[in-house]
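Here come two complexes built around subunit A, the first alongside subunit B, the second alongside subunit C.
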Partner chain A sequence: MIGRTNNQSKRAGPKLSFILPLVGFLILAGFAAAALFATLSGSRNPAQLPSVLISKPAPATPAPMLDNAAATLDLATFAGRPLLVNFFASWCAPCQAEAPALALLSETLPVIGVAYKDKPADTQAFLNQYGNPFSAIGVDRDGRLGLAWGVYGVPESYLIGADSKILLRHAGPIDRRVLDEVLIPAIRDAQ
Partner chain B sequence: MIAELGHFALILAFVTSIVVSIVPLVGVALGNTKMMQLAVPATVVMTGGVLIAFAALVWAFVTSDFSVALVTSHSHSAKPLIYKISGTWGNHEGSLLLWIVILVSFAAILTVSGTAMPMVLKTRTLAIQGIVSAAFLAFSLFTSNPFARLSPAPLDGNGLNPVLQDPGLALHPPTLYVGYVGLSMAFSFAVAGLLDGKIDRAWAIYVRPWITAAWCALTIGIALGSWWAYYELGWGGWWFWDPVENASLMPWLVATALIHSVSVVAARGIFKSWTVLLAILAFSLSLVGTFIVRSGLLTSVHSFASDPARGAFILGILLFAIGIPLALFAWRGPQLINDGDYQPVSRETGLLVNNFLLTAATIVVLIGTFYPLGLEMVSGARITVGPPYFDATFNPIMGVLVLAMAFGPVMAWRRGTLPALRFVASGAIMATLVAVLAGLALFTGISLAGLSGIGMIAWLSGGILADIFHRVKHAGKGRIGERRAVQMPVWGMWCAHLGMVVFLLGALGNGLFATETVVRAKPGDVIDLAGKEITFAGVEARQGPNYVTSTAMLELRRDGQFLARLEPENRLYTAQRQTTTEAAIRPRLTGDDYAVLGDGDARKGYTLRLYHKPLVSWIWAGAGLMALGGLLAAVGRARIPHHSAELDTWT
Partner chain C sequence: MRPVYRNFGLILLLAFAVAMDIGGVSGIATPAKAITAEEMLDDPKLESRARNLSKQLRCLVCQNQSIDDSDAELARDLRREVREQLLEGASDTEIIQMLRGKYGDYLLLNPPISTGTFVLWLAPVAVLVTGVGIVLAAFRTRRLNGETAQSPLQSVEVVASGTEKSKTSIYLYFICGTLVLAASLGLYLLLGRADLGDQPLALRQAEIETAARTQAAQAEKLATALAAAKQQTIDQPENVRSWLRLAQSAAMVDDSKTEIRALKTADEMTGGDDTVKSMLAEALSRAAGGQITVPARELIASVLARSPTEPRALYLAALAAYQDGEYANAVSTWQKLQSVSAVDAPWMTLVDQNIANAAAAGGIDIPKRQLRPGPDQADIAAANEMTEKERRVMIEGMVSRLAEKLVENPSDVEGWRRLGRAYEVLGRPADAVSAMVSAADAAPQDADQQIAGLQTIMTSGLDRQYITQASRLIERATQLAPGRLDLLFLRGHFAKLAGNNNKARELWQSLLQKLPADSPFANDLESAIAAL
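Let's turn to the complex of A and B:
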């Protein structure tokens, strides 16, 4: 019973499918190598994303507030000066990393948080642990608000001008460098 | 001196590993038996060298030899002995050495245990294992030398990351590594089989114990990691879909598929090319797991050791260790095809469905883990896809798998079903009906997701229990297909499948019925938690062996009757000025009470996070049962002579 190699039929047909794993691996490895060497050379860094919403008014999709589900997050309350809208979630590790930068930023301008696809209790626990830099927090349980803004994922931030138009979009965590080289100059220009 | 001895032993092991990688393979090509036989003694020498090196490193940690740079940066003379020892692998260099220890030890075990194996298969398997060892030994020696000296030697060390100073984490990496590295044996067997151009039922029977052992260790390792995250991170969660967790889940999913597909090869001699591919992929994903942790490519709460420069070396190993076998597979794989004569309704189809679903689940996790990286390459954006993605994609696939699990074992090889099918089906349907009705009656306002979860678990457990009942009752009664007493591997299968039931109960109880409150409390406050009262007596400072704490004193009562004292604390490790959060947990079979102290002061009040998590410990108990099932199956098969393929027909 052992060693029934003789009845292996050698067919030409499905050979292509045997190459697929190799091709798939090489594509993945290519991505990984590119990422790695970009990191090594120091050129891999979070950058701003183009957005079709730049210089358009911020979407007005309503969302309930975290501390009072009956109230609605309204950006118009903050109109007349620049503000930052930050999409975050408790399940997102980079969001923990940007907590200090957001706290620093909240001294300069109002920072509005949107808890993206997150349970309010989890959001609250996250804020307790990492601090709450937000002037107001909207709850976006089903991601509808994120869809309206066109977010790729969390964390993602939008700088809004005094005229309530979107000035800049930043995908990824805000660290000290992004703060100094991207956001602070943009805020200065906006004012 | 001891450190130099260790370094020398490591170099010796590296040189020997090159001999193991080359000479036996040349011997096979030339038909030179002497050269082939060299594989065994060379493997033993290589293993000896690595073990001496590892012992030397443990010695340096235990004696706090701060002239060794690694000890200085990761240990401290005031640390308890157990954490001095576990500190050996609580860092990049040491954990890499531990990885190599396990890698070569597996090869050494094969030199002793594989006596019945054909010479060529055994030689090639040892040589492939030697090549992998050589690559990792080079990685260790050239980029991550654990024995590098520091001069002048400092008076004391910088300590170990306090989050890692924990019994769960002392055990978690070694167990996980046994799983990861155990899959290297499946890999070496697969590559050796491809070189032979011959994979048969005997091959499957030789490789299966390794796969089962690796799978069991991986199961336990992942469960330990999840348990550690549950009680140490202070988040109350047990799985975060974090890249590092995903990195261990992917090899597990593939290894689970592999365990099932290799049984088809062992019993029927078909699915060979697929099984070989799974074996290569399982170990590849283990390597990718290492790659993710070591290189810091992906952001993760668990990434304590990351260094992109080393990532380049690992990437080289990956290209070599995955690319070449996959190229070999593209070349030799088509020769392994043979037409299996089986009908759409058969055990083969059932296992095909199992493999398809597990592979789909792996791909979903792979995409969720690497999509952010791919997106970053294309657009520069650095983002996270979190639980929402996995809930929407992974969970439905697993749901279908659970439904199918009830019926897989009652399919017959080649075609048709076993006589137990009708009984098992009625068991599953009845259990589902009862559970859904009970769910509706007991939990008012239960969500559809909760109800379908309950139904699904009942379906699976009803099916398994009916199968057990039927087979045990009819065993030895001479009906076709049920002649013999129920064999131990079958009990192992049931045990592992029931482990899945227990795991799902835990996940469901914790996911749907958990209670959570976040309060700002002042001393004297009483907080309600799931029908119990928690009295907050205040916060006091305490002195630990190498840390100071602020400890909250909580008393848990039900209807005024004292149940337990909960003392969650925040620790400040004085040597490295780092803080950790220690949750207080009252674990019970029915559920855990879990308390975490946040920030605050006596005037404003302290933030307290309080959870009641029903059945949460069943999650890890379920994983334990799965591993036990694997063990039963492996032991059961070991007791039966190798050539008795009859066992594998099970029917």
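Let's turn to the complex of A and C:
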């Protein structure tokens, strides 16, 4: 009789020490699986960093214009309505891919380009080949303007509200999904 | 007690932790000193402060290196920024605050404790505490078990069987481990040994050489063709054909610059010919690695606005829609291309594939029937293998099947059009005309359909016999699209047929005024008016 009770208590012991680490593993694996699934389904992008400039005024850093190096790009001339600032470069392949999307956007709001670390001649050739959706283009040869905006890789786009505050930052090319799900709703809200 | 199962969970947890660790460690295992000599400051004190700051800042491109280690462009910019601020006399905290204001906490390799990061900081402690708890619990159970084992009440059999079980499990572990090791060693010796030769490649050497020779000969041929075409454009610069030939030869050798230049010249010479414009759009897109660029899109749109059935422009418009992710639009445009193409057009197979791809990508349901309008590609391939006579018999068989179907379902406009084209190919103009007239009758609200019918009547050479049908189509088309230039021409043609030369002259003259003066067609039209 007593032997049997002992046997039962022995069974209860291994059960707990088996289940506890297993539960720990399952919780960790659950987190990993959730993160993996979110990444694969496209709702989480580990390369997309949050911008701290959201709802802050757009940095006023002067840059020479592409078509006239003596003139300065001034966002204040566009103040009073929403606009999109797009950092791009001729050497950047995703910038080629987003050219049609920018052309589409330029029909609804002014799109300002900043040629990031690019030779003006290369930028010009790029615009000739892929189209020029920009209302104005600034030149940021050494990346200082990009640094002021917190740019960490081209293409990067900033939606700026009528009050000149940054509403949204998108790092990476604007594809159909980003256009439909992120930018167009945000622009509608801004307008 | 079952030691194997008991440890199973713990082993998994450990393996997971080790895997995570390896992931973490490998990121910092090979620190590369990325800083270059010209970046360094002259003042050693400032320089050491700069180095110290750089080590605390994350490179946002590599995301697992400090800007001190990273060779990325952005890291270089940040190092420059740090040094410039130091030279201006900023304190370390000021510099960090300034950069944090632009890039956020993520910039700091040591994240500050905040509501967002406390889980991160707490997690290692929590894991440690849990681990200690588990180990203590395990010890306690073991001690309890040990006590019971020594208890005089414990039966000898149980103890013996317990020891035996743990012994078997040790043997099991040992055997499994040895097997894994032996298997990997065996695999290595069989497939991965360093001294194994590259025999398959050596065997293929001759084949590779032949292929290279053929390729070189081919390239030389293409280069000669290109040079000849270039010479021709110099000899006959006013001949559009020579420019088109140059574009073609340049396309064969992937010389997109020459191709685009030649096509632009041809475009100017023809005053904006739709085919040339479409070819230019295609060349621009090919130069951009297959992406339909914005300038190409503008060309396509202008071509389609004037001639909505230009096959190349239709194809590219569909491809542009596909690239934008507008799959439904892409499918319908490609289907339109299929409906205006001859059944044996060379691009049909490609378009079929593209429609299937776009439908799959967009989750669009396409009935099998629509995927293959008219005779199937395999039928056509089979037809190409046959003799002329057999082919005719086969095509006629398919055509009569299509005709039967259309008798049952006379409202199928596309079906009538296909039938009409098939009859044209077979050289049966009367049947072609009646099929196209049926297509026009089936879509009385579609001006394109009426005009296509009129064009078929006119080019069939049977226009005198079909004058009543023609006047019916003209009446409808004039109501739908009175201003269309092609309609004006057709109306003039049929007015002339009806003997009404005055009306024909009036119509053609109004057409002439709308044409650009240098259009080659305008000359023909003028002489036609003069002949009236």
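Here is the rule we use: the second predicted complex is superposed on the first by the 142 of 191 C-alpha atoms of A that agree within 3 Å, B and C clash if a C-alpha of one lies under 4 Å from a C-alpha of the other, contacts with A are read in each partner's own complex, and residues count from 1 in each chain.
Here is the rule we go by: a residue touches a chain if its C-beta (ideal position, glycine included) is under 8 Å from a C-beta of that chain, and two chains touch if they have at least 3 such contacts.
Remember, predicted model here, so these are calculated numbers, not experimental data.
Colleague: Could you tell me if A:96 is touching subunit B, subunit C, both of them or neither one (first, second, both, neither)?
Modeller: both
Colleague: Touch check for A:133: first (subunit B), second (subunit C), both, or neither?
Modeller: second
Colleague: Please indicate which partner A:147 is in contact with in the superposed arrangement: first for subunit B, second for subunit C, both, or neither.
Modeller: In the superposition, A:147 touches subunit C alone.
Colleague: Tell me the contact category for A:184 with respect to subunit B and subunit C: first, second, both or neither.
Modeller: In the superposed model, A:184 contacts neither subunit B nor subunit C.
Colleague: A:22 in the overlay: touching subunit B, subunit C, both, or neither? Say first, second, both or neither.
Modeller: Both partners.
Colleague: So, does A:121 touch the first partner subunit B, the second partner subunit C, both, or neither?
Modeller: first
Colleague: Name the contact category of A:34: first (subunit B only), second (subunit C only), both, or neither.
Modeller: In the superposed model, A:34 contacts subunit B only, not subunit C.
Colleague: Give one of first, second, both or neither to describe whether A:65 is in contact with subunit B, with subunit C, with both, or with none.
Modeller: After superposition on chain A, A:65 lies in contact with neither partner.
Colleague: On subunit A, which stretch or stretches are contacted by subunit B in one complex as well as by subunit C in the other?
Modeller: 2-3, 7, 9-10, 14, 18-19, 21-22, 25, 28-29, 49, 96-97, 117, 128-129, 143, 152-153
Colleague: Can you tell me which positions in subunit C touch subunit A when the two form their complex?
Modeller: Answer in residue numbers: 1-2, 5-6, 8-10, 12-13, 16, 60-61, 73-74, 77-78, 81, 100-104, 106, 130, 134, 137-138, 141, 144-145, 148, 151, 153-155, 158, 284, 287-289, 291-295, 297-298, 320, 323-326.
Colleague: Please output the residues of subunit A touching subunit C within their complex, sorted ascending.
Modeller: My answer: residues 2-3, 6-7, 9-10, 13-14, 16-25, 28-29, 49-53, 96-97, 99-101, 103, 117, 128-131, 133, 142-144, 146-150, 152-153, 175-177.
Colleague: Could you please specify the touching residues of subunit B with respect to subunit A in the complex?
Modeller: Contacts found on subunit B: 198, 200-202, 235, 240-242, 269, 273, 277, 280-281, 284, 291, 295-297, 299-301, 308-309, 311-312, 315, 318-319, 322-323, 326-327, 329-330, 333-339, 370, 372-377, 379-388, 516, 518, 581, 598-599, 607, 609, 643, 645.
Colleague: Can you check the complex and tell me which residues of subunit A touch subunit B?
Modeller: Touch residues, subunit A against subunit B: 1-5, 7-12, 14-15, 18-19, 21-22, 25-26, 28-29, 31-40, 44-49, 89, 91-97, 117, 121, 124-125, 128-129, 143, 152-156, 171-173.
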